[in-house]
Structures are given as structure tokens and as C-alpha cells.
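Following this message is one structure expressed as C-alpha cells.
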Amino acid sequence: MSTQTYEAETFRKLQPQEYLRKFLLKEVRPDGRELKQFRQTTVNLGCISTTNGSSLVRIGNTTVVCGIKAEVSVPKQTSTKEGYLVPNVELSPMCSPKFKPGPPSEHAQVLSENINRLLKSASILDLNTLCIHEGSAVWVLYADIVCVNYDGNVFDACVIGLITALSNVKLPKATFAEEEGLVKATEELLIPLNLSRLPYPATFSIFDGQYLLVDPTEVEESVAHEVITIICDEAGQICTVWKVGGISCTPKHLEKCISIARERYIEIAAIVENEEKSNNLI
Amino acid sequence: MRYVTPGTRLCFASEYEAGPGTYEREEYIYSSVVGIVQEFIPTVSTNTGEEKKQSKIITVSKEKHQSSIPDVGNIITGKVIRMTTREAVVSIMVVGNIPCKDDYQGIIRSQDVRATEKDKVKIIESYRLGDIVKAEVISLGDARSYYLSTAKNEYGVIYAQSVAGAMMVPISWQNMQCTKTKAVELRKCAKPEDLFSKNQ
Amino acid sequence: MEFRSVRTVLPGDLVSVEASDIILGPGLMQNEESIICTKAGVLMKKENSWFIDSDQKRYIPATGENVVGRIIGKVGEVYRVDIGSAHQALLPFLAFENATKKNRPALNIGDLVYARISLANRDIDPEIQCTNLDNKADGFGELKKGFMLKCSLRYCRRLFSLKTQIMESLDKKLTQKGIEIEVAIGLNGRIWFCTEKVKHAIVFYNALKEAETMSDAELLEILFSLKTQIMESLDKKLTQKGIEIEVAIGLNGRIWFCTEKVKHAIVFYNALKEAETMSDAELLEMFKNLDRKF
Amino acid sequence: MADRRRIQGPEVSVAPIILKSPNKIQLLDENLCRRNGRNLEDIRSIYLKTGLISQANGSAFIELSKTKIVCGVYGPRQTKIPAFSGKGNLNCEIKFAPFSCPKRRPPYRDSQEKELSQLIYEALTPSIRLDLLPKSTIDIYITILENDGTASCLAAAITCASVAVADAGIEMLDLVPACSASYINGQIFMDSDLIEEKRESGSLVLSYMPSLKEITHILQSGEVELNLTSQAIEQCTDSCSKIYSIMIDSLLLPIQNMK
Amino acid sequence: MSLNRVDKRKFTEIRPISIEQNYVNKDGSALFKFGDSAVLCSINGPTEVKVRDEKLDKATIDVLFKPWIGSPGTNEKTHELVLRSTLESIIQANLHPRTLIQVVCQVLMDDGSILATAINATTMALINAGISMRDIAVAVSCVICKDGTILIDPKEQEIEENQSFHTFAFNKVSLNLLFCESFGVFTEKQYFDCYELSKTAAQEVINEIHNAIKYNITNGR
């Protein structure tokens, strides 16, 4: 590294906002992207063999792994056919110096909660399809999302990870043996889930009340607190709008975000489709 | 160029002296970092003109940069994060010119603010919260903090915001002026000359 | 010319001002060309001076203001003093009249002081001193005995501005009756007072509490005529009947009282208990009629 | 009590009973070849890469066929320990991803994780020059994404962490490769996977500094004859030397390619 | 407009608002009610802050959200984040560096639209505490029913059977969007319809707040 980059690094460390502002004045971002450019996104399906479905998602440096494991439990008395889908986001101290060991931070809790709300309100998976034997046994799908590298926009990575891992899930054929009260399952995993829609997200930050930054990195997130996330589905319908911090967001901004989110949907869908094709060939 | 990793045996200890990035164990010198092997003969200026025999020094230049940690004699850059009438607490952000990944804590005691009239120093007339200061590490300090000093011309505040929120420029060694309101505020300024002037 | 109220405002409201050389007081902020209210309250105006008359309970120190504080610790050469602000204030040992390294007042934890804020800066803990600008005591210093009462900042400011009037009439009316009262008004929402007899203190305390919601004129009225009379009458009525009662009110939620006869104590106890749920006005009324119960 | 800081699932859930095909898996075929074609003394092929975690000071990723481990090193940074120390402090924490094992692991820290953390700490401490880092802490965080054999996982985690420490530019005496062996029916299976591990009567994990020829840590468990142990130690040190060259490559190749 | 909501309200009508100040003995407090949904908010501060949470250029804002029944979980944590980030953009936190402004929201009764109720309660409590603010925040919720009807300020009963649920918070001065939380399945047009209707309803909330302040000033405190 030359001394030049040291100086830039020092400047960034001491004056993070000024640093970002200097780049944005030239319509470019610290990592060389344009304002409305997403980072390179890759999806890797079925990478963890101890799961029923898994996916590794990278957006630039940000990396998450989502693994889904199926277990068996008793349904609720109020809804005897419904299974469970339990999302959980882990932000370990390994993925960023921001996180400390111990119970989930507020950040991790909010990520889990928003993912749970998305799953429920957009009814992505009909929980009745997880029934093994009405009133006695249903599938529980634990969707654990582990963040490996936190470089901003982890929510997008988590949602893409979860949706693609869900579509990667294969359940065994299971039968409920009534006399023993046990569930027996075949060794082969055959049955895919039937997902009602495949929503994908796009996240934006607004900096200085004027610059709309698509897919913010950690450096950008730390100084641009106004955040907008839009999640759309394949039919162009919206599943989530989430916007916090700041007062500079106008309906015009929102319209622009929605249209970018739709373009992004097509982009992600293509990436996932490619991966699914190559995955099926193996 | 010879690239090495920690534990690579470099040479006999009798041939060279172990420099930075290496260590001596039994009769050998080993590398202790990932980097490139370098050797040099130190030049020593002798007043008498006598030839002094110097052994060659072997070093390994670091290719992976360790997050810097402050040491006595280092010049650091940091932000004033807390003040009392007796001392200013500084979050050390950059050591030399390498940023720390995680900040270290240092304090400037009132007697270390400047070299003259030490008993008349008022912390509040030397620094303000949020000021960026350049200072020297004078000791490893106590359990919590390194002890820092700005008692040299080139040390002190290098970047500050005025009460009005605008940038300030130094006009003497103890005054800075707001670029917006032209109001003068008291600071122990560093002799101007550094990276910020280039970046502005 | 006095300040006159313009209208009720909310945070974020814009104030349109034509003049260019304006003076902005508390609750107003200039943002480029416009003036923004940052508090809810009544917008007040006098010529080119504007401010918002609002209320709050949390004290924000300002240089030169008088405060009542409580010593909560000693660190090095300073006392740490709780003045109700976000940060504890520092009171140097030498910030008293005629204090030297050898001869300085010895204050203990829990003692009250009346002091002046000598340094208030957002970067550093506030500093206070017990002298005026000429290094004279001028009423500042330790507050011995007495009571401290907490109230809203706005009320303290009002009392403080009426200080001279209050003191004058207090002096006039009370000294005639042989009652002495010392008062220190802190702008930090704390009032300290001390009287010779505890019962006078109670009446004064109640009067102060009740007066909080009144206008200035009413306030003066209640403080000096009505209440002293009540106190007097209470005194008169009870002593006529040969009943003596001593009361001490602790701000820690405990009240102590002593009467000669046990049955009087019971009556007083019941009266106090009953009064707990009453409004201030009712409370005073009850005390007025206390004698009848005996 | 249910953890209110996570999304609530059902109170209890169990893995279904898997109906297995009746024929027992053979660990060795007639040529003494193991299930995946390697010999008894062979270790699985290793994929090792540095610099995966951009937020960390140093990081590494290791893959031994199915086993996948990531390690991030933070520091040296200001220690949180309130006493003055002239020597650096090392902190290791290992975590299994909830989906990393055949049975789901709840995301809380369990006793096995604590034990493994301590073992890694013991294996790495002799190799790091902590005396150069007063008042500082080095934090090593390891996540196991997929676990295919616990002893081999521990060995891989040590190897991975050692490379990550070197990647962080921290001064060390030597890199520490580690290797495991299982004793099954009086034979030594090097670097055994999960299915082999289930049949073992004991195991050995060895951490070694090849350049200094010093062992930093050795963990022997189960019942085994003495001569078999010394043979296992020998085989493990040999394997460690092989792993050592992979570690060196993973550190140097990215630099050499850059130039 | 037909009157077929459970409580005979119009579709775009908010429930009656009730505001009480100085409800508990803190630096500031307020009780805000949307019909039966009631949130009590109390403010403490600016007060001393733990060194760990200290911010050198502004006050630290800490929000606690306590649910009606049970102990707080991830849902409440999310509400806390929403409240905090909303407050951070309107409170003049830079006036009180190195201090803590603590906000505690206690749900006294939950009959739907509870987050909106909490945001409004917090606004009132901050005003009551005399915390300097650039602006104030007001919030309104709405649902889109299966048949596409938009119901403003829904009761719990109305939230259960819906296509999507939205909460909007606006600032008073420009009625710009401070916060939005929309979950479900809806179209872009439906979203902006909700946006506009909520904005209109937010104006009514502002009027109520204004009246409450006026009443308080004229009738003593």
C-alpha cells in the first residue's frame, strides 16, 4: 500500500462524513460504484449438507449463510394443521467489530423480527403444508441465518438467503406412527416446499438528505441513517416498505426506490435461476 | 524477493542481528510475520571518524499490516472525547499514519498540554470536545489510558469546529478562527502543516 | 415595555420576523433564513426580542444563574454537587469567600449550598462557586437547617424575578409578628427556606406549593397576607385551647410530629392521612379548620 | 424460560427418526481404501483461503471436503480487562452454526463450545508473541458452518485460526497446523470424518510448530495402546508438515499474485 | 360514505383522541389514547449517561417499550428502534452532548395501531419535558382489507383480517415521511393511497395536540 492510501484511510477514519461527501460530490462512491449501482451479488445453493436447504449469499463483501433444518413438533391446539417456520439471524462478533459475544443485539433482533413479519404477512409459505399428521405432528423449519462478513446491507442478504434456501428445501417423506407417537422419515430428501411467492429486497440509504445510495456498504451505513427497504414479488406487488430515520424522504423518492427495487428483482431472479440450473446439473 | 511466513528460518544468528519482524531462537533467526526479507548495514556517523564495525541487520517488512497499537514515542492522532478541569481524554484513532481498527484511549493531563507556564494551563482553553489532536505517547500510562503530550510546537489541535459548527483555522499557537463567523476561540494548536490542508 | 404574548406554539413552528437585528431567547433557533420554535409554549415578544415561555423540570445550567445544590461527594480539591442537571457540578474548596488552603468551609455529604454557576459549557461538567463576581459571599454559601422544595423551573424563575417584592413584603409583614424566614431561590427548580419554628415552615411550604399555578399578583397576595394569617390563626386557635403541636416534614416521605396529649396526636395523624389525597387548596383548608377537630 | 430475544418456535421439537437402509456402512474396502477412496494415513484435501472477512484484521476460511470453518481475528485492540498488563491477552471463541451438525444446535453458547475454545486457546498461545502487545487483546472468533467430525473440526479450526492470526499481521513464532487421528479397531484413521468418528475407540489431536519442531498442544482421548499413540503422534506430525505448506501458500499466493 | 366499521366510524376517520400530560412524576410524561389503545410515555433527561453509551456530540436517546401483557420480545425491540431513529431525527440532541434522554413507553391498553399511539404519546411527553425539538412527529396506522378498502386507525379486530398493515409517521412542518412500516401484499397505487390518507389523518392528530397544549397553558399546569 502506498502512503497515498494511508492518508485516505486516515481521513476516512477521522472524518467519515466529509470523506463520503467528497466522493458523492463527484457522483461516485468510495468503492467506485455509481450511486444507483448494486454490488455484485452471488447465490450458492445447497452448500451445507447437514441442512434440508441452504444458501450462501454474497453482496459485495457482505456474506451470509442460511441453513434450514426440519424437525418435528406438535401443532398448536388452535391450528392443528399448521407447522412452524422460525427465522433467526445471528450477528456474531466474527463478522464485524461492532458486535459483541452474547445474546442477540437489538440489531439482530430487529432483522429477525422484520424477516418474520415478511414471512407471515406476505404468507410466503402456507404453514398447513407442513402438516405430517393433523393434531399430532407437524414440521418445524428452523431458518438460521449466520452472517459471516458484515459489510452493510445485511438485511437484503438475509432475505435473499432465506428465500433461496426455502426454495432449496427438500423434506423427507414422513409418516406418523400413531401407536408409538413417533415420526419416521425416509433417508432421501424429496419433497420441495410450495412457496406462494418469492419476494426479493432492495435497500437504499439517503445521505445528507439528497444522495440516494443503493445497496449501502458498512462505511456508508454508518453515516447515512435514513434507510429505505422495499421488497417486491414476481408480480411486481410490494410486500414490505420499511423506512426509518431522517425527514428528507418524499413520495418521489419512494416511487424511485420502488422502480429500482423492481429492476433489482429481475436481476436477483436471474442470478437465482442460473444458480438453480447449474445446481440441478450436478 | 524472498517472501516468508512466521516461523521461516532466515539465517544463523551469528551472521546477522535480528531486526523488526524477526526473532532469534537458539542459533537461528526466524521470521515472525508474513513479508519480504530485507537486510541492511546500519550507517553510524562517528564523530571521531573511526570505523565502527556494525553487524548486518535482517528484517522482514510486513506485508500484512497489523492493526497499530500505540507505543512510547509514537505520534498519534485522535479525537477529544471527554474533558475535566484536569485532563482531556483522547480516543487514539491513528498511530503514525496507520489507522487503528479499534480506538485506544489516551489522556492529556493539564501539565502535558504545553511546555511553558504549565501551572496556568486550563484544559477548556486548550481543547474542546470533538477536536482532532496530534500528540506524542509519553508513557504506557495506567490500566485504562496511555499518557499523551502536546508540549511541542508540532503537536496540538489540527482540526476543530467552532461553536457555529464551521471549520476553524489556526491563527496563532493558541488561537483558532472560525471560517464562517470569524470568531476567535482558544486552542493549543499544532503548527499547521499536514494532511488536512491537502484534503480540503 | 413588557414582553407580551403572541400565540401558543409547537416545536417546528416558524416565526415570521421582518426586522433583521433580532434577539432570540430560549426555545427559538435560527435555521438559515427562518426562525424555528424548538419548544411548546407561549411565544413572547418585546420589540426585537423573542422567546418562548415554556416549562420544564430538568435544569440546564447557564453561567451566572443561582442554584441550590446538595453536596454528594468530594474528589480531590472539589466537592461534587447535585444541582439537578444532567451532570454533577463541581464546587472547588477555594470557591468561598476568604477561603484559603488552610481555612475553608468543611461541608459534608448531604449539606445544601446556595451557589452561582461560574462555568457552564456543553463540553465539560459545570462549575459553581459560593461567591459573587467580587469574591464576596453575598448570600451564597452553606444553607444550614431549613427545607428544600422542588418545583418547576418556570415557577422558580417567576419567584426569582419577584424576589425583591417578596422579600420586602415578607420582611414587613412577618417581622412585625416576630416570625423570621430565610429563603434562597435556585433557578434549578429548588427553593430552600428556613424558619425558626417548624410549623411556620409547613405553612410556608404549602403556600409555595399552592401558589405555583397562580398569576404573579395572586402569588404575592397568597404568600404574604393569606398564608401568614392562616398560620397565625392556626397558632392562635390552637394555643388558645392549650394545644401545642410540633411537626417536622421530611422530604423522604416521613413526617414527625409531637403533641402533649395522645388524643391530639391521633386527631392530627388522621387529619394528615386524610389530607394525603387532597389537592393543595383542600389541604390548606383542612389545616385551617384543624383546630375544630381538636 | 423461552428466549424473548429471538422469534419464538414451538417449545420442544425433535429430529425425525430416519429409516436407514439395513446394510451397515463399511469403513474400509478390501484394498484398505476408505469410503472416499483415500488410504488410512491420508488426510482429506484442504482448501484454505485468507482475507474472506473484510471487516476483520485477519481472517481465513478452511474446507476439508464437507467441513467448513471461518475464522476472524480482531486486534490487537485495547483490552477490556481493567488491570495494567505488559503482555497481550488472547481470547478465543468458537461457535457452531445452528445448522452445522446433524441435529440442530440451539444458538446459545454450550459447554462443548467453551471446551473447544479453551483447547484452541491453549494450542495457539505458545505461537503468538504476546509480549510485544502490552495493554492489548487479540480476539479470535471461529464459526463452524458445517461439522464433519468433531476432532478433525478442532484440528481444522486451529489451523484456520493460526493462518488468520498471521493474516492479521500479528507477530508469531511459527504457524500452527493441527491434525487429528482416530483409533478404530486397532488401526489409525487419519483425519476421520463423522461416520468414522462414530466407530472410534479414541482420538488424538496434535498441534505442532513445524519449523521449530515443537508441539504446542496434544489431546488424547479414549482407550488406546501406548505404541499406537506414538505411531499416531508421528503420523500427525507428518501430516502437519503437509498442512504447513498449504498454510504458507494461502498466505503468500495472494501477495505474490498482487505484485 | 357507508358506516360499516365495527365501531360505526367512517373508513378514513381516526378514533377519538385523548391526551393527558404530567401523568407521572418524571421530567415529562403524557398519556395518549386512540380510542381504547392507550400508551403512557415518560421522559427522563437530559440526565447522566453511562460512559459506555456516551456520545460526545449529542445526547444518547434510549427507548424502552413495555408491552401491555407479557415481557418485551423482538417485536418491542423493533418498536424501540423505530421510536429511537424517529426521535433522533427531530430532537436537537446536539444541544446536550454526553447526556441521556430516556424514553419509556408503557402500553396501558392495546386495541390496535399501538406503534402509532406510542409515537404520538412520545411526542407529547417530549413536549411536556421541554426537550428542544426541531419538529414533532405524529403517526397514523391503516390497513388494506381483502376487498381493497383502506381503513384508517384500525382496531385490533380490524387488523386481524387484512391484506396489509401500514404505519406512517410524519413531521409536522412539511408532513414528510419520517417513518414507514408496511407489511403484507399490496400494489404501488394502494401504498400511495394509504400514504395520502394517513397524511390527512396525521393533520388531525396535529390539531388535537395543538389543542391539548393550548388547553394546558390556559388552564395552568
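Just a few scattered comments:
As written, the chain order gives the labels A, B, C, D and E, with residue 1 at the start of each chain.
Here, contacts are C-beta pairs under 8 Å (C-beta built on N, C-alpha and C of every residue); 3 or more make two chains touch, one makes a residue touch a chain.
These numbers were taken from a predicted model, which means no experiment stands behind them.
Here the chain-to-chain distance from chain A to chain C, counted in touching steps, is 2. The chains in contact with chain B as well as with chain C are E. Here the chain pair with the top count of touching C-beta pairs is A-D. A centroid comparison over C-alpha atoms places D as the chain most distant from chain C. Distance from the chain B centre to the chain E centre is 49 Å, each centre being the mean of its Cα atoms. Taking each chain's centre as the average of its CA atoms, chain D and chain E sit 50 Å apart. As a whole-number value, the distance joining the C-alpha centres of chain C and chain E reads 35 Å.
Contact of a single residue of chain B with at least two other chains is seen at positions 65, 79, 101-102, 129. Residues of chain A found to touch two or more other chains are 97, 109, 112-113, 116.
Among all residues of chain E, those that touch two or more other chains are 74, 77, 90, 97-98, 135, 171.
Here the chains touching each other pair up as A-B, A-D, A-E, B-C, B-D, B-E, C-E, D-E. Considering their complex, residues 74-75, 77-78, 80-82, 85-86, 88-90, 135, 164-166, 171, 174, 176-188, 191-192, 195 of chain E touch chain A.
The part of chain D that touches chain A in the complex is made up of residues 3, 5-10, 12-21, 52-56, 66, 68, 70-72, 74, 77, 93, 95, 97-102, 104, 107, 109, 139, 141-143, 145-147. Only residues 1, 3, 5-9, 21, 23, 25, 30, 32-34, 62-67, 69, 100-105, 140, 142-144, 146 of chain B touch chain D when the two sit together in their complex. By the touch rule above, chain E contacts chain C in their complex via residues 26-28, 45-49, 90, 92, 95-100, 127, 129-136, 171-173, 206, 209-210, 213-214, 217, 220-221. For chain A in complex with chain D, the touching residues are 47-51, 54, 61, 63, 65, 67-74, 76, 84, 86-88, 90, 92-97, 101, 103-104, 109, 112-113, 116, 140, 142, 144, 146, 148-151, 172, 174, 182-187, 218.
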